[in-house]
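Across the two complexes that follow, chain A remains constant while its partner is chain B and subsequently chain C.
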Partner chain A sequence: MSVTGLGPAPSMPGDVDLVAQPEGRQGLLRALWHSANGRVGLVLAGVVVAAAIVASFGGTPYDPQFQNAAALLQHPTWSHPFGTDQFGRDILSLVLDGLGVSLEIACLAVAIAGVIGTIAGVVAGFLGRWTSAVIMRVTDMMFAIPAILLALIVVAALGAGWLNSAIAIGVGYIPIFVRVVRGPVLALRESGYVSAGRVLGFSRRRLLFRHILPNVSGILAVQTSLALAWSVLAEASLSFLGLGPPPPTASLGEMVSQAGSLAATAWWTLAFPSVAIIVAVIGFNLLGDGLRDAIDPRTRKR
Partner chain B sequence: MVLTLFGVSIIVFLVLRLLPGNALTSSLGVSAGLLSHAQLVALDHYYGIGEPVVQQYVSWLHAILTGNLGVSLSSRTSVASLVGAALPVTFELAIAAMLLGLLIGVLFGVFGALRPGRVVDVSGQGVSVIGLGVPSFVIGTGIVTLLASVFQYFPSSESFASLASDPWLNIQQIFFPAFTLSLGIGAAIMRTTRASMLEVVGQNYVRTARGKGLSRHSVTWKHIFLNAFIPVLTMSGIQLGYLLGGTVIVEQIFVLPGLGRLLVESINGRDFPVVQSVTMIFAAGFVVVNMIVDVLYAVVDPRIRNR
Partner chain C sequence: MALALRTVGLEKLYPMRRGPGVRALRGVSVELESGSTLGIVGESGCGKSTLARLLVGLERPSAGSIELFDEEIVSLRRRELARSLQLVFQDPYSSLDPRLTAATAIGEVLAVHDLAGRGHERESRIDELLGMVALAPRFAGFYPHELSGGQAQRVAIARALAVEPRALVLDEPTSALDVSVRAEVINLLVRLQDELSLSYVFISHDLATVRHVADVIDVMYLGLVVESGQYDDVLGAALHPYTRALAAAVPVPDPTHGARRRVQLAGEAVPAPGSAAVTSGCPYRPRCPLAEAECALSRPELVEIRPGHRVACHVAKRDASVPAAEQA
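This part shows the complex of A and B:
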């Protein structure tokens, strides 16, 4: 790591020390566990993720799409803990499968929003005025369209489907990532250690990737968790409106929509998919809150 | 503001026109693949899709600004008349939901913050957990089911009545969807109000106001609440975006013939002129309300006014 041609490398502490990390990963987890929000969020989100992974590997008790004509609209029993729907499908299996699909879409959507939004936000914060002005203008305009509407028109343009849902939801969330990332980058650019790095002749790329990005990683983690909550909700909303992935792909929003006409006589068709959505949304939201508490010691005391 | 709306129109236009699968191929579906290149070009030309994008955009913008929203592809009526019929419904729903949300949020927030940890505060926190965590379509579906199965009450079974034609029926039809939406808004407003109130309650001037014997009412509303109101206003503005998105879903559940329902129908029917117009109206509404919020800052806080 010596700077060739410039004499001996300046005796600076290593990069790891430059990037101030008051607490290691252990500390962060512990702090997360110490905030009530973080603990509940971690457990709920953990349950949801575990269920989704189990379902993605085919670990549902029944084939979710298997229609058992001998067991239509059955009450919850030991063999069907969540009951069955109007086609005799096992609701537990459908819910697990739906959670899997929902999380896959949400993860892809958050990846899209996170990558594009973070790049745009960092560029807007780090580069010159013009680029920044243009990016922020576009962000403002995207903000003027409510996120779910933005997702709706993207679905309108692309057509309903698994990938299109993810793209639509991701696009809707991009402006939030841009705003959340830009502010801190703006502040970091003027901070002492980045100026020091600049004086030392570090390349822009190095400043960005080793000095600035690691310091917004906390904010990104918080925002990722909140974005996951929103994406699960948005995915369920889209499929509730009939604009999600078409059947036979299981989907929680569509289950709720179908259950609307059945719930008066068969409460379990509405209750369990709803609870799955609620647990996922609350779980990721609380996890995000908890991460924020854990990262920012000022809010931790409250 | 005009600039923002101008930009929004560009985004809406680009998203709907330029993404793969334009109006033409998506309305023809699979059969688009069977057309020869010459046929596609001819169709493109017929619908004006073959023109340069900029020219398409300019002619669309010109049409919008002159009040010509185009013709709906599915119902063959003018988009302006469709929108004109739907707009008042959504407007009424949004206003009702916002008022209810403010009522729930401010009341629970204020009285919760005055006595933290007591009954009002705790029940307020409970409501806010429901409002923030339970999606509006779940609440809405739940309410419809409950009304139908327990009370045998179907406010949406009759066709929608406007406030002018049948006020009583209209209020019944609007109340439940508005309530559904207001829980989410109210929860967010409540949290903000409570936190903001708690910061002000401990201030010296509040003690002074109490000390000089002002009535409790006066202290609470004039000295504490008014000073705690700015964040509440900001939050209300933010919630409006949520509200506009929420009307789309709630109108679907409660079968209200508003803009949201029109939007979903036109998306399903690939009726792009309608989708464009409705989205633009939603965005315009959002921008206008945010401007009103900015003006309200000055009304509430003289310091901002005099700056």
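This part shows the complex of A and C:
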């Protein structure tokens, strides 16, 4: 697990077809299941989300913070499948708890980025030239600063913590949502059925909410999944750097950071938190890819 | 006869960052008599679709005015304009929202304009509208991609009729359709015109299509009307060399008819903005077999040569003024 993973923001799915195919949810799920990426992504993301939900409701095998002085740095055994750390805490319980915290932060971050980015993108695409120019120049400025740097600045300004991590990560992802949404909205605004709606006397609000937004929802779904992957990684990186939620909140990034010096003698302290991060990131990325394939009729295999 | 639609000196300039911009319309005056059909013919880039967009209010003219049933359309609110004038687009698949069934698309229009109540009342009105375009009620639940091109275009027509308009602008309504269903849609439009006493502006690049519907034909070239008249006059006794070229391109479905004299058009249909053909003289001059010195000097005005038959051509005007020179 390296910090550089946080650096470049993931690429935008620019060539997703503008118009979602009206095949209904069942058709979409089936198409998702039929693409290899989608199937693996769905399973991995499902496992991660299930684990996080279980942990959030206290369903971990042990109390994650319980320090068993009689079981320091134990190998993986049947009673501690992921082993124990230098304080005698059960690593499986810590990993599950950490996943829960990670996903909570990631979801909040994606919600912040998604809502603000989508609104800004829709406004930039649908409203006049000046509004659009202002929004896009601000977006460009945010793009010019690497997302991790932006997140570091926000955390440095607001201080470390659960909510501040989410804000920091969310702000870093806003410009991607703006760009991803604005393009299709711009294209749809001039599309045949939006023109037809204008001729039929539909209000701008109706055109925007009934005809344009629903037709970019597929793109939003893809982007949300990719954003979740990036946010989990970003959260891990922030806490690796010691800028995540302070202890005793469990954190995968912090576990990886702490395990660095122990890894030579106790590999399990490093391996399991790292694998958890990797599974979550790959799961959401593949899910995003699968969704994109499922939505875009040109890449869909029949 | 009352006028359904009239434009006076309509101009549309699309500015460009550099250069003079594109003058899509350069002073177009057309008249549509109530209950009749005005055919607008011209090749790609002549401004006919721009004219359609201006008529329905999708864009504003740079100059000139549009009157709809004796009212300036700039004084009409968008919803009022929508109630009296509707547009049928070329491609039904792009003009219908892919996520809406035929019934939802038509129902939305009824809802927006507070027509036909709600619930059962609205449903029966939707069925009635589908019936008007000869679609069975079972098509109400179909999505655009489940419909054939002809069926989708009928849904688009039914949606336009939902507001009970008095006039329709038909922008190449059959060009995107299979040849086999074009006649069906044309016949449908003719029948609807009779039943609902609609006025049509029928835009096409194809004289052969327009001849079936139009009472009056205006031929457009590079943003100008170059010939205008009753369809017999324009098609049978074309005065403008461009109209003659168009007429000669209409295929004759009769193998014994023999080879007609074909008129080949040379050169580009749409010259670069700011080139001589657009700025001075007759716009058709670079491609015209009859071009003379005068054609480069001044732009010919649209003048009445015979009653109701107008042409913008120096040569045609001079020939017509010499009684001995009988036109073919």
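As a convention for this text, the second predicted complex is superposed on the first by the 279 of 302 C-alpha atoms of A that agree within 3 Å, B and C clash if a C-alpha of one lies under 4 Å from a C-alpha of the other, contacts with A are read in each partner's own complex, and residues count from 1 in each chain.
Everything that follows uses one rule, which is that a residue touches a chain if its C-beta (ideal position, glycine included) is under 8 Å from a C-beta of that chain, and two chains touch if they have at least 3 such contacts.
The structure displayed is predicted, hence computed values, not measured ones.
When the shared chain is aligned, chain B comes close enough to touch A:R137, but chain C does not. Once the two complexes are laid over each other on the shared chain, residue contacts for A:S191 go to chain C alone; chain B is not touched. Ranked by how many residues of chain A each touches, chain B and chain C are led by B. By the touch criterion defined above, A:L158 reaches chain B but does not reach chain C. Look at A:R39: by the touch rule set out above, it reaches neither chain B nor chain C.
In the superposed model, A:P146 makes contact with chain B only, not with chain C. Once the two complexes are laid over each other on the shared chain, residue contacts for A:R206 go to chain C alone; chain B is not touched. Of all the residues in chain B, the ones that touch chain A in their complex are 4-5, 7-8, 10-12, 15-16, 19-21, 26, 129, 132-135, 137-138, 141-142, 144-145, 148-149, 241-242, 244-246, 248-249, 252-253, 263-264, 267-268, 270, 272, 275, 279, 282-283, 286-287. For chain A in complex with chain B, the residues that touch the partner chain are 137-138, 140-150, 152-159, 233, 236-237, 240-243, 253, 256-257, 259-260, 263-265, 270, 274, 277-278, 281-282, 285.
Residue ranges on chain C touching chain A, taken from their complex, read 56-58, 78-79, 81-83, 86-87, 89, 91, 94-99, 108-109, 112-113, 143, 145, 156, 159-160, 163.
Touching chain C in their complex are the following residues of chain A: 19-22, 191-193, 195-203, 206, 210-211, 214-215.
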